[in-house]
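Worksheet: the structure to be examined is printed underneath.
As written, the chain order gives the labels A, B and C, with residue 1 at the start of each chain.
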Amino acid sequence: MVNFKNRDVISITDFSPEEILDLCGLGKVMYDLEKSGRRYNSEYKFTVKRKLASFFCESSTRTRLGTNAAMYELNGVFDGFSGAEGTSLTKNETIRDTIMMANALHYDAIIMRHSKDGALQWAADVSQTPVINGGDGINEHPTQALLDMLTLYMYNNNKFDGLTIGFGGDLSHGRTIRSLSLALSHFDDITIRWAAEDFLGMPKDLSDLLQSRSVKVERLETVREVMSGVKFYYMTRPQTERMKDVSQEQVIEMMKKYRVDLSQVDGFDVRLMHPLPVNSKIAEIDYRVYFSPVQSFFKQAEFGLLLRKALLYEILKHDGYIQFSGKLDPKLEFGNNKLKREIKTRIKEGMFIDNILYGTCLDHLPSASAQGIADGWNLKDRGYFFVPANIPKTNKSFLKTDLIDPTERELKSAAIKAPDPTVNYIKDGKVISKFVYLLCKNDNCITRAVNEDVPPKFYNDDGTIRCRYCRRPYTLKNQKVSETELKSFVQSLPKSVNPL
Amino acid sequence: MVNFKNRDVISITDFSPEEILDLCGLGKVMYDLEKSGRRYNSEYKFTVKRKLASFFCESSTRTRLGTNAAMYELNGVFDGFSGAEGTSLTKNETIRDTIMMANALHYDAIIMRHSKDGALQWAADVSQTPVINGGDGINEHPTQALLDMLTLYMYNNNKFDGLTIGFGGDLSHGRTIRSLSLALSHFDDITIRWAAEDFLGMPKDLSDLLQSRSVKVERLETVREVMSGVKFYYMTRPQTERMKDVSQEQVIEMMKKYRVDLSQVDGFDVRLMHPLPVNSKIAEIDYRVYFSPVQSFFKQAEFGLLLRKALLYEILKHDGYIQFSGKLDPKLEFGNNKLKREIKTRIKEGMFIDNILYGTCLDHLPSASAQGIADGWNLKDRGYFFVPANIPKTNKSFLKTDLIDPTERELKSAAIKAPDPTVNYIKDGKVISKFVYLLCKNDNCITRAVNEDVPPKFYNDDGTIRCRYCRRPYTLKNQKVSETELKSFVQSLPKSVNPL
Amino acid sequence: MVNFKNRDVISITDFSPEEILDLCGLGKVMYDLEKSGRRYNSEYKFTVKRKLASFFCESSTRTRLGTNAAMYELNGVFDGFSGAEGTSLTKNETIRDTIMMANALHYDAIIMRHSKDGALQWAADVSQTPVINGGDGINEHPTQALLDMLTLYMYNNNKFDGLTIGFGGDLSHGRTIRSLSLALSHFDDITIRWAAEDFLGMPKDLSDLLQSRSVKVERLETVREVMSGVKFYYMTRPQTERMKDVSQEQVIEMMKKYRVDLSQVDGFDVRLMHPLPVNSKIAEIDYRVYFSPVQSFFKQAEFGLLLRKALLYEILKHDGYIQFSGKLDPKLEFGNNKLKREIKTRIKEGMFIDNILYGTCLDHLPSASAQGIADGWNLKDRGYFFVPANIPKTNKSFLKTDLIDPTERELKSAAIKAPDPTVNYIKDGKVISKFVYLLCKNDNCITRAVNEDVPPKFYNDDGTIRCRYCRRPYTLKNQKVSETELKSFVQSLPKSVNPL
């Protein structure tokens, strides 16, 4: 068995094929014990008392109660909250402080759900005890992916190689399909078939990625065509809560051809999966299908409990407990998001920096954005000298000010308004330091929540710059950065999210 | 002791007098242990770990915390939610799916509260583990009735025969008075006296039913008149939240004569009961009465804990646990709500079915309702042929369409608009099947919540047709069904709600 | 060790210096066990099962989860609610009934938070089991004060004498600074230094009180000046939720000079404390300070758990449990808020009482308030005779009515409109009883919540009349009470809040 001691569980992509197989193997052991009446087997029981923090900043029943249930079967306990009301989050408490509080209160592990992408990687960075991602925005929900894998494993002769699966419902707005297909992509000879309305279909980037990993991906016209070639059919709920400008009625219309009713499954020997809940108004699975032998989603829910039991056992089974230091890791303070540039030209007096001897100049800003930054920084009221200016005959602008050393929050608010600004620090009328300030461009990324004070961090994923938190790929905008500079920056980045 | 192993607790009317006496006897044992300092007596302790799902879709403190407390004293645990926010119910999850999830997560029993009448019978039908009704709409709250019985039992020399009780407050809008008086009606020589404002008085159907069971029921003018002839006085809170078009001020006015204050109890040796909470604005019990020796409602609350302890112990004391099958019982799919009619006349071409060779005709509809049904079925947009028509010189209408085999949801939505429609299935221009579609007429019945997909089911309660779920009596409307047809239908129904 | 068996924890001012030292000593033991890996030491474990009611009528994470965590480490359990939604409090249930319910459900202790000042003293008065104040309005939060004391104790060589501390942030709208400084005032040679914007500064009454107890209190201009003379700096969050007519933006402006950032702590060897949560929008502590060695607030959070563990252990460690009587203590019914006055003059016929033979006369009312009282009592609709009248050439009025013996609620509603009314009871046309009705003048005091039926009670705090519940000092208004009468009243009061 791979060593999972005190392991964070943030993204399904952090799991190697061996780890997935190991966990599924242990999940099967849990299931076998269940079936033989040994649910509370003494072998799988924590040797010391264990307490889980169950912090669901967004509401949850299934994941929350399932994780709690797993703790209970292992002889552990849990406490926490579901929904942000009634918590200090409404008093502007940061994730960092919430996590430190959980550590201070001697929780042995934390499961958390949060609306922002990447919030759970940040929580794990902060926490001195292991953190499990119970869902971060539309980003990841790794225990869902793992339980889906366990379900496939159980019903596919304890292996994944050669597996065929169909996807339906909403392949675009949720995290389930992405996570599961990425987990499967580790294995050999995987076939994915899908049929869905365009708006709900599989995103091209995912499709491309899977195919680059030798997964066979086929889009088909009808649900029956998909069914005809697969052993599993994975249906998902249209995530209406994440769609803008689309009504539930429109979604019902989109789903008309793609609902799973008896006529769609008739004659096929498939196992129908669904992460639940089914939306009973859309009824993406017709109620008559619930009574059909294809229905496998309730056992899937039980596998969820068993998988979480296996996972928590492996993470927390050891003796002793982590003592709380009360201190933050200094690595949490600094990002690696400053692409340093060579200072070729001094800013000329009379042109850029006028009478600024000490201060800051932001350039390479989109036209007209300089004033907005100055407003956001509140330079006028604070009594600073500043000049926002458009550069003639370009669509660029710059902002110069005698504010020295803007704060990280100020740089973030600038980068939100003007992506990839070049920041020049001026001393004695000369630029002494110059860099491009990189901030993840995913609007929902936790690094863009200014008050949370998450340092933007990136890593080098085989040549692609990715945000450490939401893991979206990063591309420079509005910048003429030399290839050498960029290459050198990419090489300076860590090769993966681990270690911090 | 009666065997309560894995018993569902849905309605107080499901309990026989022997069962009530048995439970009260065990409740008394629990109380005696409490008084002798043996709250955690090892004899009344689950032999295997037991976990209760505490699913309060409507908020609760007393019932929820009291049931949790009982589990704790028996060495069991609990988990769940209170209030629907923060749960998947807000994502349109059905009761069926919620219950199956609870089963999948290995809860040994479920207590649930839900706003719809009959929801808990449905939950019990679905569940593979025992279900306790923690309150369904205004329907039932059986553990409240049982704890009331225990209180009477304890203070009436461990018996019910010959008991005299007064009722006050709101006898009409709550479930307490109905359940308790029905439970008492099993026993001999019961006298009920009551006084209340007309709007809040005892419903005639209940009064009639009790008298048919030899309960002496007397309405009196004043609270003091009631007090003068009873050993117990059971006061209830006006259920303002269930009253339409009546303000709290109006209720306060109605209660003026009927509030229990010191002048009302002065000189009487009664025990004053109340299910709690008392509404402190209405103050149906004056605060000075709290200090009087008649006050017995706080002990009643403790008996609630002890009764629940006795009940849960009996339901869950056995060894082993129920393994989750993951499958729904096929009996959940089909209702017995189709009153089949002889096909005497074929629908004539040119008159009813025009050019419909294959399709459906709904008739015996109230005038002008046919169009509404067509709209609800969205026939126009879906491209079906249809004709809604009023039948001249009658107040009836019919709807014919080439839609074949409408779904259960479609039939329900039709029956909500037009009670007791006759449904004709047409094949080759002829009616091949004809039945009246029966749907419970209680607006708040769970079977009328279309998305929940509860199959309408009825039973034959000594000649009265009753809804399996909300248990309201059923009477046909707008139909000329022959006595023979009706009698044969009634005889085809099960004689009680058990078995499924 | 002082005996804390079944002790209520309502106000930090109830703790003697010895008690504080004892608790901190035990807190240190808990910490030493934690550090040596004996978190679940068998010595500090309840010998019988213990269950805590965790009733947070206002939301909480830190206090709630921390108290629960302490119960868990002691081998106890907890249950309850957070936030009033989903509880009977929304059905107008009183605190009294909520507490009695908790007693009936066999909770061994109750922690409660409530929006009204003094609500927890009332809860403790009612409860048969110990009650811990988890925060009542802006009044008290004694376990916060105790954990702050433990933190100081741990970092100040296990003593308080000679301690120097700085206060910052909001010294005016919260309860933290007041409670902590009062606790410190028991000890010798304490120095408090503070700097804050006027609106957020230390209230003069507190400053005076501390100085009367020989605490050295100094206001300084800047945070750095404060820092330069202290070993601890206690920062607090501006309590924007308790400020009227002040926006968060205005508060941010006020805090500009007083935020703790690196420049403020640079060069000082202080320990920075904060009760948490920090408001990340105001950022009263800059995020860079989190990484500085001065940061001590996360350990402070852990000391919170350890202090609560010590406290709960001492309160509940004994054998056995409290049996529920079901009865209210008769002392809860009567207040000592009626300042009796000598009946010098009979009310003259034809002048005050006209044709009232039996009834009530309220006088010494502010001009024009008599009519409002009559309206509040609904005298007209209820058919009583009444005369509200202004007394010519004064700014006073009186109300006479043939209503006999107004209820406590009626007297309260009168006293809310007209502070300190004189109440005359009239019999046979003569005043037979005459008193001033005293009601605490703190608008947020629980005694003024009419429906809660809390009897106004006062005590004699070394000559000062104080409300038993919110403990605010009381001063008569609009009354010419003789010194003798007043002195005799004060002497009749209990000398402290204990006993009831």
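The definition used in the following text is that contacts are C-beta pairs under 8 Å (C-beta built on N, C-alpha and C of every residue); 3 or more make two chains touch, one makes a residue touch a chain.
This is a predicted model, so every value here is computed, not measured.
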The assertion on chain A/chain C checks that the Cα superposition rotation, as a multiple of 5 degrees, is 120
Indicate whether more than half of the residue numbers at the chain A-chain B interface occur in both copies; give same if so and different if not. different
Can you check how far apart chain A and chain B are, centre to centre, with Cα atoms defining each centre and the answer in Å? 44
I need the residues of chain A touching at least two other chains; which ones are they? 85
Applying the document's contact rule, which stretches of chain B touch chain A when the two form their complex? 48-49, 51, 53, 77, 79-81, 85-88, 90-94, 96-98, 100-101, 103-107, 320-321, 323-324, 326-328, 330, 332-333, 408, 451-453
Parts of chain A lying in touch with chain B, wherever the complex brings them together: 34-35, 37, 39-40, 56, 59-62, 65-66, 68-69, 72-73, 78, 82-83, 85, 237, 241, 276-283, 287-288, 290-291, 295-296, 298-299, 301-302, 304-305
